[in-house]
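Both complexes shown next keep subunit A, but they swap its partner, so subunit B is in the first and subunit C is in the second.
Up next is the complex of A and B:
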């Protein structure tokens, strides 16, 4: 199981201005500063920190932070 | 029949011949009379390619272009060549903050170092005929970079740079050197690339008045550069963008 607090920090780190109060429930596309570069950075973070390769389609279909968190957890358990 | 684009009597080595642009170029070049020396890491793919080539006398070499021994053997065993298509390549979608030495090395090894070292072997062993044509696979990404494509863009910019060095140094033997810089081409590489969503691809294609390119479109450009019709062209980068920069 991925450490939730650490995951949220890693997620927040990908924004130029770190969003406040990020939780698994946050709709991350609504965060100021969201961009395609942040999306690529989150994919790269998942690969670097968790060795989990997200596809662009998975990224495209995700809306809440938990969508990404759950994929990472599932892949790690496999 | 009069055809200045004929490849009759020419022998052309093509790397990355088992799939995508390399495969399309191998097949089309054979239809225009060329003998193909097909090179790829994917031996199974090469086996499937060979029966699709028209005419006979074609050769295949399976191996890793990043392996010096393989390159030496290729230099020894290759017949004399009238054209070389440096087509094998890899992509990468790492944002700059995540670039590592390993990622840089992987892309530069395949896209830049391998073609240079292969050409060295072929040139030292005098396997490239006078009047031959070197065609480098670059990318329009070398000029217009998208997020995440930094390493790829850098490798393809380097390809354009060294391409001109070959043009300059080999012109005395009338060997020409040019690169092709396509924008988005529908290849197996693209369809397996995890980093572009289907929705993004649709959005991007809408920006191309002529649609995305196909491997065949690039094959025709390479064939032009192999043919005697392009005998006055060297050191050039051919941009292929489907009208997306109009």
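Up next is the complex of A and C:
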């Protein structure tokens, strides 16, 4: 199981201005500073930190932080 | 994957030509706000690119580079047995551009000449074909001309691709000699053909009024169906899946460890992506030269352009070098070779 606190920190680190109060329920596309570059950074973070390669579809269909968190957890458990 | 191994064939000379017209990414304020431009420049690592004039084709840039290479190295045209032109921006849909270049360069009619239609993997593929021909008894030298004028197929109102792509033409001479071994890995996955493409203007979707209309997408990019389009996330996902693995494959087939590699020259896609692959490979960033800061992503021409612009006066250790390209197709390939005997011409402008 991926450490939730660490995952949220890793996720927040991908934004230029670290968002406050990030939780698994956060709709990350609504965060100030969200861009396609941040999306690529999140994909890179998942590969780098968890060795999980997200597809473009997975990234495009995700809205809440939990959507990404769950994919990473599922892949790690497989 | 297709693995090809050769011995006693190598690159003896490289030259490159870029258009003299410079477009700076900081001048793209007509396309997006200043703050966004700065962020993009910082991420992709591209400050400026060279753009060809309307009447200048990829073949013209390659022709200039080839003339320079033949002159600098005192190569007799009669000694060239094959000419391969790699580009997705040829002169015409028909005929192929290579025979036209054979004639323009004054190469003999006994030269075999043909085009290869590949994008960012094109240099590695072209090199593998050139090495194969040069391995034959009847061919001593192969001239590989790799050029692209992406500016002609990228919409000026495309925020994704306009900051990325530049134009260049290159010439590479391959011949027999004491070059040691080379190992190629070549791969394809056509299931991803839509990830990077120009949908109209071929024969599946011929040119038509509908295809030439500029249409705005949800992100505010305006393109026609005859403009190049790319899904950045798909490309990044593709690169993450294949690039480190393919480079690992040629290293393993060659018996070379990543620590013993002298240089890794990536297709200059963008700095965000290739820095990431370098990190994944645990390779020192000092071993990955970049030309994209001043020339952008020049598609298939980016590897030889990087050799000319970056290796002319730097990177003296070049015995174990990997060249790796990946892009539209999907198509990707890597080669490990020895560049110690490669003579590099000064970069020229058109």
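Throughout what follows, the second predicted complex is superposed on the first by the 78 of 78 C-alpha atoms of A that agree within 3 Å, B and C clash if a C-alpha of one lies under 4 Å from a C-alpha of the other, contacts with A are read in each partner's own complex, and residues count from 1 in each chain.
We adopt the following convention: contacts are C-beta pairs under 8 Å (C-beta built on N, C-alpha and C of every residue); 3 or more make two chains touch, one makes a residue touch a chain.
Please read all numbers here as calculations on a predicted model, not as lab measurements.
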Subunit B and subunit C placed together on subunit A: clash or fit? clash
Per the contact definition in the header, classify A:78: touching subunit B only (first), subunit C only (second), both, or neither. neither
Original post:
Touching A:44, do we find subunit B (first), subunit C (second), both, or neither?
Top reply: both
Contacts of A:59 with subunit B and subunit C, given as first, second, both or neither: both
Footprint intersection on subunit A (subunit B / subunit C) at 36-37, 40, 43-44, 47-48, 53-56, 59-60
Seen from subunit A, its contact residues with subunit B in the complex are 36-37, 40-41, 43-45, 47-48, 53-57, 59-60
Residue positions on subunit C within touch of subunit A in the complex are 36, 39-40, 43, 160, 219, 231-234, 236-237, 240-241, 272, 276, 279-280
Subunit B residues touching subunit A in their complex are 93-95, 97-98, 147-148, 194-200
Residue set of subunit A touching subunit C in the complex reads 16, 35-37, 39-40, 43-44, 47-48, 53-56, 59-60
